[in-house]
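Consider the two complexes below, in which subunit A is the common component and subunit B and subunit C are the respective partners.
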Partner chain A sequence: MVAIIILAFFGVILLFAGIFDMRKSIMPIGVLAILMALVFTLQDIDGLFNDYTNMFLFDTFARAFTVVCLVSTLLIFLLGGEFLKDDIHHKGDKYALMLFALCGAITMLSAQNLLMIFLGIEILSIPLYILAGSQKDDMHSNEAGMKYFLMGAFATGILLFGMAMIYGATGQIQLSAIWTNVIADSYNHNLMNVGIIMLIVAFCFKISAAPFHFWSPDVYDGTPTLFTSFMATVVKTAAFATFFKLFLTCFTEIGGQWTTIIAVIAALSMVLANVTAIYQRSFKRMMAYSSISHAGYLLLALISLNFKEGQSAILLYLAAYSMATIAAFTVFTMIQQQTGRSDFEVFNGLGKRKRLLAVTMTIAMLSLAGIPLTAGFFGKYYLFSIAIHQYMPLVIIAILNSAISIYYYFRVIVAMWFKESEHHAISLETSPIYSMVAIVTSMAIIVIGILPSIVIELFW
Partner chain B sequence: MTEVLKHVSIDYYIYLSTILFCIGVMGVLIRRNAIIVLMCVELMLNSVNLLFAAFSAYRGDANGQLFVFFIMVVAAAEVAVGLAILVMMYRNTKSVDVSLLDKLKH
Partner chain C sequence: MGIILLLLPLLFSLFLFGIKGKTAKTIALLGSLITLGFNLFLLSIWKQNEAYDFYENYTWIHDLGINFCIGVDGLTMVMLLLTNILTPIIILSSFNNIEKPYQNSFYALILLMQFGLNGVFMSLDGILFYMFWEITLIPIWFICAIWGGENRIKVTLKFFIYTFFGSLFMLLGLIYLYLHTPDHSFHYDALYAAQLDGPGMLFVYGSFFLAFAIKMPIFPFHTWQPDTYTTSPTQGTMLLSGIMLKMGIYGVMRWMMPMTPEAWAHVGHWFVILAIIGIVYASLIAIRQHNIKRLFAYSSIAHVGMIGAGLFTLQADAWQGATIQMLAHGINIVGLFYVADIIEKRLKTNDLKVMGGIAKVAPKLAVLFMVIMLGSVAVPLTNGFPGEFLLLKGIFSYHPIAGAIAGTSIILCAVYMLRVYQLSMFGETNDLTKNFEDVSTLEFTVLCILAIMVLVLGFYPNLIFEISATSVSNILMHSIAQ
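For the complex of A and B:
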């Protein structure tokens, strides 16, 4: 809770810093805000707000995922120092909007109430609609903003309808009270079923799982790359963790009714996304499909119906996924800014010219593909091992799909190390910030890959 | 007021809201004019408001009505951002037709 107050306060300060022409100090202020929020999150100083636990409880679950979101945003802020360098007029606004979105993410993660979940989702989404369309003269960014907005508003409508049905079925909006009604079997079954299905549809829109994923390749592609990496990491983490928490707090006892739907959605997401990703020519679209397939793997945690094991599994998976995605986007942003292109050929011969970046990209791709000794391997391993007792065939599909995904992740690696660069003999310039973020993320991937328990033992 | 409400069965409120919600969903999916799509989104949210208010009255519980206020506030914020994006799009394309937005499909 203290973290939210700090982030909102500094968000407002950044807006003023934008007005009063303090361009140089905007990024450091943002970084300072996140570091302070991180300290308060890790220290667990929350005695101030113990009276509101029916609405909002900053428990271990919320703290763990908040840390993932904060670290991702911190790295994205550092990248922003370079990415938004030429943005004279709106730099402060963009940082402020990211901080506000982060407040929404933390609200969602600590919500104890359907109302707070709804508010959190909206506080997270509304700033992102603006960020997606923030390049005002670029048609692609316009299109991404409009599509993201329409999709988001539509999903919100469905989410609310689901919540209204749950409220109608149980008469409660508090998660623990809904759970009490569910185990006492004192609810209206028809309304409850409609409500659960609507909630699944809405959350699948938000985490972009197939068949509700159609918006995400376009939005990821059109959005300025810095904000794409924010969407792919922070939004995914917050939305998925909330989805997991809501369903496994309230509806575990009637799991038989909805796990089949989730299983079908998971299988569809994995198969569709991995097969489509092979045919992509743009790196950003490939990353969008990759993020859809990761949503599919993550849904295995819901099917396991095991809150205790599931939360550590998704924490590890999301931490690994966020680090790898940020590492990949760091390298890609740097190349895209200097060449202005986003196809796979830009990576040709990178291994010879910029060894550090090529190594970072390789580690990121290996981790996303789930190769041992990287963080992604243990993420997948824990996730598959908790789901294997419930849905054996689905885990087999997931393993086969990880094999398919190796094909398109390795395309980037092959291009970097084994292909000669044809077009641009121009030398790429690496700024120290990019190198720093690249080193930090690749170190994180390898450390988590060797000692996965440190992430989990930090909280549980 | 609650007495008047209770002369009508709760089922009818559910049917009415569901029909309104479906009209909103169909509008979002079918219409190509961005302003009408926005109106349809509002229709979806308002049908939910009606449903919350009805459930709230029938159960004699204030939480549902509380929810309605928050939905109205958020809907206003959302529309403000949505209209801004719409204006930005209109400046570039001189149109509010969402089917023009297909530049990202290769």
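For the complex of A and C:
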């Protein structure tokens, strides 16, 4: 709770910073806010404010995923110092909006009640609609903002409808109370089924799982890259963890009724996204499809119907995925800013021109592909090993897809190391902040890849 | 002690990534020779226990039952010798190459590969084995894709995805085994003690087979191999064919067969059939090849198919033969590809049709090529003979018809190998070959070392049997269902 208060408070301060001509200090203030929130979350100093009348419980589950969100945002903020340096008028607003979105994420993660989940999702989403369309002079950004908003509004409507159905079926909005009703079998079955399906639809929209993923490539592509990385990491982490918590707290006992649906969605997400990603020409769109396919892998944790092992699995997976995504976007942002392009050819010959960037990107791609000694491997390992009992065919589909995904992740590596630079390639300049983020993320990927237990033992 | 064998190449590799200049190859050679020296030292103090020597076991990830556990038994020792003897030879063979860009990375990647290979052969923990297995893939991919020939990116990506696909199935099999272990551990003995039901057992058996069959490769999983061998730089091909494919054979012996002995009765026979089809198929294709590298690539499929067929028959003779044949094949194929490389460098072509008469202008090359070629044909008193003989004996006692068909490979091998020799070395010199220079001192040294090993192992195969026989028959005993 203290984390939310700090973030909201500093968010408001940043809004004013724009007025009082404090542009230089905006990024440091944002970073300070996150660091403070991080300290309070890790130390669990706020024992007093942890539990709010069954609405809000900042337990270890919430803490763990909050830390992932905070660390991701911290790195994105650091990148922002360079990315937004020419933005004179709205720099403070953008940082503030990300902080508010983060408040929404933490609210979702610690919600114990359907209404709080809904509130959290809204607080998370509304700033993002604005951020997606924040580059007002760019058509693609406008398109992204509009698309995201329209689709998101529909999804929210469906979510609320689904929650109403659940309430209608059980007479409860408290997660634990719903669970009690479910195991006592005292609920209206038809309403419950419709409600669950609606919740699945809404959440699959938020985590961009197929067939509710159509918005994401356009939105990822159009959104300014800094906010794309925010969407791909923080939003995904918060939305997926909440999805996981909601379903495995309330509906584990009637898992038979909905795991098949999730299994189909997972298989679809993996296959569609991986096959489509092969044909992409833009790096950002490729990353969008990669994010869809990772949503598909993550859904394996839901199917396992095992809260205890599932939470470790998704924590590790999301941490690994976030680090790799931020590492990749760090390199990409830098290249895109200086060349203005986002196709794969801009990576040609990067290995010879900028070793550090190329190595970072290579590590990120290897991790996303799940090669051992990177974090992504243990992420996949955990997911496969918890799902192998229930849904062997699905795990085999996941494996086939991992092999396919090599093709497009390695395209970047191939371009960087095995192809010659274009003749008119501009010489790239690396700013120290970018290099720092690149080093930090690649170190994190390797360390988690060698000792995955440190992430999990931090919390459980 | 065993861990030093991992650390040495790794440290040298990391060091090489950092330096610039022409000293890289000397340092690489030095590093690999030190590793070889240490390996020979281990051999000299090796006590040959029933269990593993140089055994080390550290907890790595406690929750998941993953340990950093390595050990050396007879089979492993042979594999380590193969790796650590061939690596310096491969490095030495690259000394006459034209200076390439990023020379230091090239040697660093070779040593990284050596690190991974040593790890694969020493691992006694499922996940550790899997990790090393994958680690070897990254450097070889970079070696082939950066320094390879025409079409290299497409070919190497196919190779990578193909093998990665197989190894993911192995991972799945390992996880499945792990979940059925009594004490939830990936340790070799724990996995070995896992109790599986019928379908589960077949699943594990099949998933291991997929990984190892792609790596070896066994028909019909071989389609990546000829292109990759032809496109890769010679040192890459040597690493792939000389050492890396032995990972697959080693995997079958150490991991696949003993883990699920009951499964053999259900599907093992099919694997023998596949392997035998591969032998004949690859031999017939090899006879029709004009590209010398491609021909050697297909000959490798045929030889490995023979080893595979022998292993899947579960005959004691075949298993002993397979062990020495792994070593012999490694030496021979490295020699053959080196000869192909020497010829290609001088003539700028791989085409057998335009060659001829090289023996007249380059007698030293002709003699050394002859020795290595005869080793590959498995003529008595060369290193190929004891292995092939035992393998065939095993396959015969398993089933005479299988033995008869597999036996044709000896004849077919003689046909295509002698054809290469005849077309390239004999006949009249032509405009292309009349100025063919004989081997340089360096090339002579490398080929001589290989030729001596061909003859020594041919005269005295017991050198290897003394090391490996006991532990191979131990593993085999575990692999036969009671």
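The definition used in the following text is that the second predicted complex is superposed on the first by the 455 of 460 C-alpha atoms of A that agree within 3 Å, B and C clash if a C-alpha of one lies under 4 Å from a C-alpha of the other, contacts with A are read in each partner's own complex, and residues count from 1 in each chain.
One rule holds for everything that comes next: a contact is a pair of C-beta atoms (placed from the backbone, for glycine too) under 8 Å apart; a residue touches a chain by one contact, two chains touch by 3 or more.
Bear in mind that the values here come from a model prediction, so they are computed numbers and not experimental data.
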**OP:** Give one of first, second, both or neither to describe whether A:307 is in contact with subunit B, with subunit C, with both, or with none.
**Re:** neither
**OP:** Give one of first, second, both or neither to describe whether A:145 is in contact with subunit B, with subunit C, with both, or with none.
**Re:** first
**OP:** Would you sort A:381 into first (subunit B), second (subunit C), both or neither based on which partner it touches?
**Re:** second
Original post:
In the superposed arrangement, does subunit B or subunit C reach more residues of subunit A?
Top reply: B
Original post:
Looking at the overlay, does A:400 come into contact with subunit B only (first), subunit C only (second), both, or neither?
Top reply: second
Original post:
When the two structures are overlaid on chain A, which partner does A:459 contact: first (subunit B), second (subunit C), both, or neither?
Top reply: neither
**OP:** Spell out the part of subunit A that touches subunit B in their complex, as residue ranges.
**Re:** 114-115, 118-119, 122, 126, 129-130, 133, 136-137, 139-140, 142-147, 149-150, 153-154, 156-158, 160-161, 163-165, 167-168, 171-173, 191, 217-218, 221-222, 281-282, 285
Original post:
Along subunit A, where are the residues that touch subunit C in the complex?
Top reply: 366, 371-373, 377, 381, 384-385, 388-389, 392, 395-396, 399-400, 402-404, 406-407, 410, 414, 417-418, 451-453, 456
Original post:
Of all residues in subunit C, which touch subunit A in the complex?
Top reply: 61-64, 127, 130-131, 134-135, 138, 142, 145-146, 152-153, 157, 160-161, 164-165, 168-169, 171-172, 175-176, 178-179, 203
**OP:** Mind listing the subunit B positions that touch subunit A in their complex?
**Re:** 14, 17, 21, 24-25, 28, 34, 37-38, 41, 44-45, 47-48, 51-52, 55, 59, 61, 63-64, 66-67, 70-71, 74, 77-78, 81-82, 84-86, 88-89, 91-93, 98, 101-106
